[in-house]
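One chain, chain A, appears in both complexes that follow, with chain B as partner in the first and chain C in the second.
Up next is the complex of A and B:
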């Protein structure tokens, strides 16, 4: 699946896709403010914050256990690279952020690999980058996972072109399944 | 010179001091919006942008040659460190940023050493960090250099407690000297 184009330059956009999972996502609606499958175009100048506070964060979780700002994501360009990469920083004083098996304390940061699982508390995120041409803009896309990301062994394997093994995560899900 | 304290916690604040120089600083007033010697307390959640646009930047340069956003600075904590560090990112598409002798293109970033010279175009900045205890807040402080930072060999040498060799940069300068 190729990324959408920037209408001004006709360059394809890097797509940062986040597949989210929380064990109580059905009952507690912690992800109710996320617009699943919607692509949102953002400027590379931006730092995207995730957390509880709608005033401070671009993407919010409806959950008192979440910090007002939990973590931030921001694009950058590695030396000698022509595409965007992303840096993640833990902005929560009370909760560690796990990027793969690396634990980030308050204000620790790291560069994300192209595909990894990020966790805090009971929240799980599969973060996947699909490279595009534009440096000035990128887009985000959220997908809701039907089951824990940690139970799936498929996530460590190479994935087909659409970014998912069809047996693990459908790219379109029937709402009745939830 | 020890940093000021956070009034809430009585922790000392890390001071990020920026000594600025531009060859036409007297005539063109490119630094007129900077409040020299004022200490400003900022949250570690913030990303501080420098550039021409007052709408987008926290600190501005009055100069049409400067990009709307030239670069950003943001605090983080290195693994196994108890104090704040700072990351710099070049946000200008047209101008490189030199950190010491390392050239940062558009969206390139790097962690700043405790003391270094940053340049773009004819702008020169000596950036110096003085560690404090607080992680949640830090402070900035701007100083105007009377002459080019590149002419001074003293900058490579160890500095006395006040952060400057008195022969190169007075900590208080007489306005009549300009």
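Up next is the complex of A and C:
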């Protein structure tokens, strides 16, 4: 009991949820190394790399069309903010990364909005951040989308045409749709 | 033909630098486009033998701004316990700023001035490091002292006098 009583107060973790889609995901198993619905705790000091190489990347895609390191995510803290933000950086020399409608070339980076669609090649990712208290750690969670993220409005919230969405901004939606 | 590298000209000063605190720091270093880590830890790229420096204290991240051909650098604080002064701003854990053409940085008594010289290479960059015998940043020290003194000289008024 004393361990429980003396333990540090638990802090909630920022959850970075990534919903993934690839048109050939069922046949080619490009996402077979991702553990869907599993929450993984990561240090905020880490740079999380996505790509083909298991030696270089934390999350890998089984596809020779993917660069060894395709892109990275890294947490940081905005001034006067108490929660983590994330940056995304394109690490592929061959393929552009689309964040919403913004195209990132090699080594370009930008702040990720709270909710947005990221694309490269035929890959689609809906990236959503749910704020937590901890600055030391955050967690990731992957979900497999059954259909293209671009075809439909899904998961309860619309993603605007520019690919960005933020809870801090007014969301354009037709109330009658739901 | 190999493209010219961006170069970070780094000048360092610490009042106790004759005690070997810069001993592990090379004069020249080439690095790829991953983060360059400054700290006390074994795997830091610029290693300081100073107990007040965290194992990973600061990172310098090269990146490309859209439309630019030369690398830009982002300085990020990795120390949970101490802040870093950069060009007049006091930065804390996980806060970051882009380096300007000349950036003045103070952490754990270390004074560091970084001059960025642009190059066309997108593969790697170089650091040229020199050790200064005299202080590099005068103004920042004065500002820090003033701030401290201001706090000391202007204490909270006693509770009973507030009315």
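Brief remarks follow.
Here is the rule we go by: the second predicted complex is superposed on the first by the 144 of 178 C-alpha atoms of A that agree within 3 Å, B and C clash if a C-alpha of one lies under 4 Å from a C-alpha of the other, contacts with A are read in each partner's own complex, and residues count from 1 in each chain.
Here, a contact is a pair of C-beta atoms (placed from the backbone, for glycine too) under 8 Å apart; a residue touches a chain by one contact, two chains touch by 3 or more.
A quick note: this is a predicted structure, and the numbers were derived from the prediction, not measured.
By the touch criterion defined above, A:109 reaches both chain B and chain C.
Greater residue coverage of chain A by touch, when chain B is weighed against chain C, goes to B. Where the contact sets of chain A with chain B and with chain C meet, they give residues 44-45, 47, 75-79, 84, 89, 93, 105-109, 135-136.
Those residues of chain B that touch chain A in the complex are listed here as 44-45, 47, 49, 56, 69, 74-79, 84, 87, 89, 91, 93, 105-109, 135-136.
By the touch rule above, chain A contacts chain C in their complex via residues 44-45, 47, 75-79, 84, 89, 93, 104-109, 135-136. Of all residues in chain C, only 33-35, 56, 62-66, 71, 76, 78, 80, 92-96, 122 touch chain A in the complex they form.
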